[in-house]
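Please go over the structures that come below.
Same chain, two partners: subunit A is paired with subunit B first, then with subunit C.
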Partner chain A sequence: MDFMIVAKTVGSLALVSGVLAVIISIADKVLNNYGQCKLDINQGQKQLTVEGGSSLLSTLAGQKIFIPSACGGKATCGLCKVQVLSGVGAGQVLPTEEPYLSEKERAENYRLSCQIKVKSDMQLLIPEELFNIREFICELVELEDMTYDIKRLRLKLPPGEEISFKAGQFVQLYSKPYGKVKEEVFRAYSISSKASEKDHLELLVRLVPDGLCTTWVHTALKVGDQVRVSGPYGEFYLRGDCEELIMVAGGSGLAPIRSLVYDVIEKGLPHKMRFFFGANTVKDLYYMEEFARIEKDYPQFTFIPCVATPEAEANWQGETGFVTVALENQVDSGQGKEAYLCGSPGMLSACIRILKSKGFTSDTIFFDEF
Partner chain B sequence: MTPPISPWIIFLASIITSNMILANFLGMCSYLSVSTEYKTANGLGMAVTMVLVLTSALNWLVYEYVIVPLGLVYLQYIIFIMVIAALVQILEMAMDRFLPEMHAKLGIFLPLITVNCAILGATLFQVIRHYDFLQSVLFGLGSGLGWWLAIDMLAAMREKLAKVKLPPGVSGPALAFIITGVVAMAFIGFSGIFVIQ
Partner chain C sequence: MKENPRDALLRIDMEAGRLIKDGFLGTDPRPLSEIISQDLDTLAALEVSHVILGEAMRQLTRKGMAAMGEEVDTGDYLVKTEEYMGWLGCPFKDARRAAKRNTRVTDKATGQQMRWSDLSIHLIEEHAFFQGKGSPFRLEPEALAAFLRLPRPDRPAEA
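And then the complex of A and B:
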């Protein structure tokens, strides 16, 4: 008798939910079917025919055009802005988008691509550099300990593929499920290799305690593994409208600076460069010989490693104290200079404060925060 | 069983004397959280009204032709909620397709409404009170309009009061409760005009 009641309950609930599920999926097929839609990007630069019914963000991703999005389409990061000139959704901002669009952007038909559905032919304007953003399945060819907590990854792009990036930009690295972590996560890492080397990428990854992606890199990843990256992204690259570049980095923030230094040298640019590299202890320093060599070969480059609290036994000869102290003492004014900073938020805000007191402005300070 | 009441009495009573919020205190969560701006509150009120009418009609049919004949009355709560959720989903898709302007305004509220207890409350009231189809639909419409009226009043007052300097203890949600209480007491003044049980 009890069994009958249980069976009836389970059966009827399964039946009701089954019927409703069928109705919803039929409705989805019928109502959500917008047929083929033509997307015109940047006035004819690219024309795509896509299946309507999904968000613009995911439709474009399906066409290998990756609009940056940190929240994955929940309208909480506001990064996935594109201009919609015509088609459904042009000039009709949703309440969910309002917080992320300025008056000016609304006037210029900016929308969050995660909030619009592709329902008809559309004309879009997408920033040029986003066309460069692609996904690569790379092979890990080298994995080296630079310090006790920083590893260098050297990735080989698939045969025949190239990445063109500006020195200082970053890629997103996708981890695979490992151990207790059941899902894929992605994190941004600056490219530390030369921009001229288009078939390889190098990244510097510091182990963050309990960090999902960094722990994967430090414990699970092996040479020969396939690694998925997408990029390049970012606004941190050389402007060069000056005579001298002041570069400041802490820890793995060295990565984009290394790329920038090589870029200036390889292009034969005339800029003087001073690179302040901050570390807590001597064992946090790395790439010392390489930068010393560059300093010797190229007089335009000066390398200033600063150690906050050197170990007694290390016999440290260089600058002692925080990188901010060296910056305060050695940079006289912001005249004819640009500053490029990469490091922790605390270090960055301290450096920016000092640089501004020396006459640098928001237009001459560029930084990459992590 | 009570003698049949005119559907129009039910309609008016559910707006005024048996107001979902001011008499029954149902659907309070979104009523309190989405009432800081008149414009959004108005959108939510409109969406609630629409969903209430449709769910009242649909759930009446489901109750009479599925739940009762199959002897599933003990599962009615789960089934009603599933029907409401499915209806809201389909409604959102249909609105996006055929009424994009309206979807732009109300679309974000629809998922919120799925779990609004005023919707399930209306369905359960009509079952308990043995309403027929027309009575149910008008009860749904009236309840929705009543809910809409209440949230509009609250939002209008909150918008005005946002410009007033208030002691810290009575601002924000506390103020919303005070306003709701005062308005509910005022609505008691209507009692006796129409009675539905």
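And then the complex of A and C:
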């Protein structure tokens, strides 16, 4: 008898819960139906009619306007700022946005586009260069182990489509759900291929422990898969207002440097180039034959691989020690030079310190932070 | 304990596959505030503050960083840091970001090892968050304090 009462009570509760869920779902659709909203971008330059209810970041992405973001809309990177001049998002900064917006930015109506929902017509200001960013559904045609933890991805763009980028720039690579990861995530990767090759992209991806996107690349991605990328992004590209380019990279940081080296050569630019490539051990080195070949064919290019602790059996004949030591010893001054750096944060800050001590300035040192 | 709305939102992004592959919570079902308060109780009993712990971790990581990937002998410990390109935003959304850097520390006397990331240091130092039980980067406050030989007689506990 007691069991029957309990069963009936549980059944009733389940029924009530079910009905409530349906009511909430309907209410959400009815009450949160913002209908169509008009987005005016850059004072009439673009006028879009969109369905309300989603974040501004994803709404714009749906309209093929890609605002840079490193966290995928989770308010932990603060990169997706746009100016909201009027509409629901104007002047109402949320607590999740506060740490990312300076007083000046708040006064200029900047918001994190991932935190604003499109609920009404809005007037926005968006940097014009972002309109050049496009999305491509590519086919992975090659997936190669360059080292034990770095893979090279070769992506073929859809037939008839091309990407125009400056050597050194990056794309966002979108992963697919796998394992515990139930949603798409995206991360930035520098393009390692030649800027002249417009129908393919190559990326170098180093496996990061517990990394969302790199684990997908290293464990789930297969040749033949469709891969979504957007780009190009970034301010890391050749300025060239100098005689010599000092390039420093570690690990997968080699990617944009490779693209830059080919760019200088293919355009017939006169710059001398010295590329310091740092690795912990000999097994961390890759593209060695290719850079040796470039060095042989183009006297303007010097390749200096540096191995911190070469394995005894590797019979390493090159520079031994940290790449920063080679940089310190072999670069005399910043006169007539620009520096292009890509690597881990520790390597970057050590290199910047050395370069500044030699007379390089913030205007002659270029690097990407991701 | 009921989870407050802000913590409930933070908790979503701390789950596996949101910001990092395995997340920050492991299999811990407790509300965020309870995870933090229970760990703070543990530290209070030990008379060690999370700030002091974070600082001790950071000092070891800095010694590892100076060796740029090589294992370094600091006297009591062997320290090795490994760096990757990029950074991670703090899941508490405080606009702080941490380099993708992991530190592995070996106690020379016992052979015991612990590892942490730069984000772990920030989470402990600023938020008293040692991560949920079952998280790969969970550090038990008591074990961490013992490992770091804290409290030290010459260093009073912080209020």
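One rule holds in what follows: the second predicted complex is superposed on the first by the 249 of 370 C-alpha atoms of A that agree within 3 Å, B and C clash if a C-alpha of one lies under 4 Å from a C-alpha of the other, contacts with A are read in each partner's own complex, and residues count from 1 in each chain.
Here is the rule we use: a residue touches a chain if its C-beta (ideal position, glycine included) is under 8 Å from a C-beta of that chain, and two chains touch if they have at least 3 such contacts.
Please read these numbers as outputs of a predicted model, since none were measured by experiment.
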item: Which superposed partner A:302 touches (first subunit B, second subunit C, both, neither); value: neither
item: Partner chain in contact with A:55 - subunit B first, subunit C second, else both or neither; value: neither
item: A:74 touches, of subunit B and subunit C: first, second, both or neither?; value: second
item: Partner touching more residues of subunit A, whether subunit B or subunit C; value: C
item: Touching partner for A:322 - first (subunit B), second (subunit C), both, neither; value: second
item: First, second, both or neither for A:117, with subunit B first and subunit C second; value: first
item: A:96 touches, of subunit B and subunit C: first, second, both or neither?; value: both
item: Touching both subunit C and subunit B, counted on subunit A across the two superposed complexes; value: 95-96
item: Of subunit B, residues touching subunit A in the complex; value: 40, 66, 70, 72, 74-75, 78-79, 82-83, 86, 89-90, 93-94, 96-97, 100-101, 104, 107-108
item: Subunit B-facing residues of subunit A, complex; value: 9, 12-13, 16-17, 20, 23-24, 27-28, 31-32, 88, 92, 94-96, 117, 119
item: Touch list for subunit C against partner subunit A, complex; value: 6, 13, 16-23, 65, 68-70, 81, 83-91, 93-97, 99-102, 136-137
item: List of subunit A residues in touch with subunit C within their complex; value: 70-71, 74-78, 95-96, 99-100, 177, 179-183, 185, 187-188, 206, 208-212, 215, 251-253, 280, 308-309, 322, 324, 342-347, 350, 369-370
